[in-house]
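Two complexes are shown next, each including chain A; its partner changes from chain B in the first to chain C in the second.
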Partner chain A sequence: MKTLKLYWLAFSTALQAKFEYRVDFFLGVLTSCMLQLSALVSLWVIFTQTPNLNGWSKEEIILLFGMVAGALGLSELFFNHIWMVPFYIVMGELDRLLTYPVNSLYFLLITRPELHSFGNLVTGLVLSYWALYHLNAPLLYYFLLPLFLFSGCLLYTAGLVLFASLSFRFIAPTSMHLMIPHNLLNATRYPVTIYPAAVQWILLILVPFGSFHYLPASWLFGKEPGLGLALAVLAASLVFFWESGWFWRWGLKQYESTGS
Partner chain B sequence: MRPLQPPLTFTQNLESYRSLLVRCLKGSFSYKSTTINNLLTTLVAYAITIMIWHQVYQQNPNHVIPSTQMYVYLLLAGAVNYAMSLGMEFRIGQRIRTGLIATDLLKPIDFQMAQAIQSISDGLFNGALSFVVFSLGFFLFGTQMLPSSPSAFLLFLVSFVLGFTVIYGIGFVFVQGAFYTYSGYGIFAARNALQFTFSGFSAPLDYYPPLLRTITDYLPFRHTIYTPVAIYMGWVTGPAAYLLLLQQLGWTVGLFLVGKFLMGRALKQLEVQGG
Partner chain C sequence: MENALHVENLAKSYKRSMRHPGLLGAFKGLFSSKTQEFQAVKGISFSINRGERVGLIGENGAGKSTTLKMLTGIIAPTSGKLEVLGLLPWKQRRELALNIGVVFGQRPQLLWDIPVRETFRLLKAMYRIPSDVYEVTYKEAVRRLDLEPLLGTPVRLLSLGQRMRCDLAASLLHAPAIAFLDEPTIGLDLTVKEQVREYIRDMQDKFGVTLLITTHDLKDITEVCDRLLLLDKGTLLFDGSLKAFEKKFANESRIVADLERPATASALRKLSAEMKKHGGIVTGGEGHKLIVSYRKEGSAPVLTQILLKRQKVADLTLEKTDIETIVTRIYRKKPGKN
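Let's look at the complex of A and B:
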């Protein structure tokens, strides 16, 4: 309980510090909405050329778009600090963190919330609920949606931790390699069945970003798996998030700090 | 009041810019693992867009643009976009937030030019990686990857350079906002969203709905990707291609002047952070 309080204090303090840059906050929210909308424009262009994508209608794909935006927003709000790890390794700035009597990964994750995340989160929720309404989804799905988004947030963050841990081995002052999981997440805005089998395997099994929305949506639209498999994703995301800690500890063993 | 040091001569200025370019390039190439990471990231991003359009063409092969041309367009559009990925917004935003911008402004070289040199360095580094990725396309699409004619290739090179100056101009205008927001993310994301939507990165503008196409015509973003790539593909030739080059030049000059004006305004209200 004491540890949880400490985490909360660290998170809320970091959040207050971020709110100091108010103009940046409003601009960040606005522009993250713009980024989501620009992706929707691409979808619009695609649907001017085809009535559906492998049997998925525009509204069904908008649900996937919304869920990805929501999960991304949650991850940016609570766990965004992971993006700074490559820079901290180069500068030797992890030293102080490692002396704290807390879990270094979890403490790091929550201490740099990004306020533009609200833009992604709000856009994601609006798109998701809009799609559910237009698809006449059962009420149960409305209640399960936040759980699926949380699950997506954990999966995506775990993927980022995995790639960030590689920074301990391949030292460079850039977080460009974290764009790989980011791009993979964005790939799942479209139904994974449009990709070749190997890519489907990556997106559903190896780095299972596609599972938290594709499987529940498939269940909703009566395309493939049942509710059981959709709910199993929730448990799987917790396991995947916990497992990412192994990679973090592997990385930390190689951390050498700097001499200056 | 006596200046801190006499202004640099033209030759001294050139030497300063050359040294800066060499230093920036060395910095970019010094981390080999970064190069591999960047390459992988680029490949993932390109592959996803191509796979989505592959599905569209599988469902209905009869489109205005044949599938092989479409894949070459997307690959080249991705390569051009990557070559034009400048880290200017983050770089300047970070320096404004930490107060290091003060040391940049004290240097005896023009700030706008120094940023241009850094952007050229980014462009050369990213361009080299893009070229590798684009070359891989030859294994998939063979001679379809070649430009429509030698003159189209020459015009493409000119258009690409002009496209680079346009994107730099856009970036520099947008980055002035960081002097008010004290952060580069919002600025970067805004520019990126507009670039992604209106440049023709994810699809040729020929496929855009009329409303979107009209908006695109009034903005400079199409000149960063669609214009050079359409020239390469041979979709625009002769006088029409020269007219596009002129438009690119016009946007470059206009954006440079607007950037200079906005920077003068921004510096008047700048409060240096840190200390």
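Let's look at the complex of A and C:
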């Protein structure tokens, strides 16, 4: 309990710091909204050519789309600090973190919230609920949606942690490799069945970004897997997130700081 | 006395990838993975008792910071034994962190964008500082280091000196059992340096904090510490009290005299001969200035008397080699220095 309180205090303190930069906030939110909308436009172009995509209607695809945006937004809001890790390793800036009596990974994750995330978060929520409404989804689904977004956020963040941990071994002052999980997540805006079997396997099992919305959505649309599997994703995301800590610790062992 | 930390044959080596010169060389480096091992700390051993005040000195690259980083659990040693407060730092880092305070003078420890006060509040929760302890340490820091006007300012807007004062206060808020201070006075002006030292001394008195300070400013050592560790190229060159250090290395004192008029060659020769009998050597005799150096303690009165008898002296100073001079001399004279 005390630990949770501490993390909340750390998060809110860091959030407060972020509000120092007002112009950055408005520009950032605007940018992330525009990015989501431009992707939406390309989707709209597809649907002017075909009434459905691999058996998925426009509304159904928009639900997937919204859930990806929402999960991305959540991860950026709470855990965006992970993007700085490659730079910190090169500059030896992890020293400070390591002198604190806290879990270094969790404390790092929550101490640099990204306010731009509101753009993605709001777009995601609006699109998801709009789609649910138009699909006449049962009420239960409305309540479960935030949970599914949360598990998506954990899955995605775990992927980022895994890739960031590689930086300890392969030191480079860029976070380009973190774009891999980012792009994988974006790939799951479309139903995974449109991809070849190998890619499906990657997106659902190996890096299961595709599961947190695809499985629940499939259940909703009666396309196959049931509620049980949808809820299993929740548990799996927690495990996946926890396990990413192993990679972090593996990396930390090799941390060498810098001179002086 | 209780042991605060114990180190045996502690060593750390880094792997550095080999670099080829020039742009073409840099490009080649992309495809070759040859590494070179660099030994930063080469097997050092020492123990520090609770409440001791120890200064760790050495030239740039001597291994001071690397040692400190191993002691605080930031990096793992390559080999050797290491125990701090009964814990293995790099394995039990979090547990250890609760009981130590760390300042890296080269890097700010505080959160960059938020006011100092908020950072302190966060640290209080993080270190689970009991309110009665916090009450004392916080007030003491604010009073001693003049923090009042800085508390509401975001850390990034503070000057170096202001930031350092806040950093130091932050690292001692939880009255740690050991404080590791890496260059706590770097880049500060004289008054702030003095203030910082006074604060450290004060916290040491009040809470019995064990101190390990690395610095390039030897005044930090002479005014705060009573034991000295001298590191050189990763090995421990000296470990002992400041007194012992002076005794071992400061074996020369000087009498510097200002003569009323330059001594003649023959007078100088006679003076030299008599001085020699009492262990003094006339080293400089140009113009009005005359220098007599000696090694035996307690020779000053005799030598001065001889000088006063033989020459008309306008002014006279006795110079003892201070630690700073000794250290500079050691750095410069070291065998095998490249």
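A few points about this structure:
Everything below uses one rule, namely that the second predicted complex is superposed on the first by the 259 of 260 C-alpha atoms of A that agree within 3 Å, B and C clash if a C-alpha of one lies under 4 Å from a C-alpha of the other, contacts with A are read in each partner's own complex, and residues count from 1 in each chain.
Simple rule for what comes next: a residue touches a chain if its C-beta (ideal position, glycine included) is under 8 Å from a C-beta of that chain, and two chains touch if they have at least 3 such contacts.
Keep in mind the model is a prediction, meaning the values are calculated, not measured.
When the two structures are aligned on the shared chain, A:V102 is found in touch with chain C, with no touch to chain B. Look at A:T111: by the touch rule set out above, it reaches chain C but stays clear of chain B.
Counting the residues of chain A touched by each of chain B and chain C gives the higher count for B. In the superposed model, A:P196 makes contact with chain B only, not with chain C. Here chain A touches chain B in the complex through residues 21, 23-24, 27-28, 30-32, 34-35, 37-39, 41-42, 44-46, 48-50, 52-54, 114, 116, 170-174, 176-177, 179-180, 183-184, 186-187, 190, 194-196, 199, going by the rule given at the top.
Partner chain A is touched in their complex by these residues of chain C: 14, 60-61, 65, 69, 72-76, 90, 93-95, 97-98, 100, 102, 104, 106-109, 111-114, 118-119, 121-122, 125-128, 154. Chain A makes touch with chain C in their complex at residues 2, 5-6, 9-10, 13-14, 16-18, 20, 92-96, 98-103, 111, 253, 255-257, 259-260. Interface residues of chain B facing chain A in the complex, by the touch rule stated above, are 31, 33-34, 36-38, 40-41, 44-45, 48, 51-53, 55-56, 59-60, 63, 177, 180-183, 185-187, 189-190, 192-194, 196-197, 202-203, 207-209, 212.
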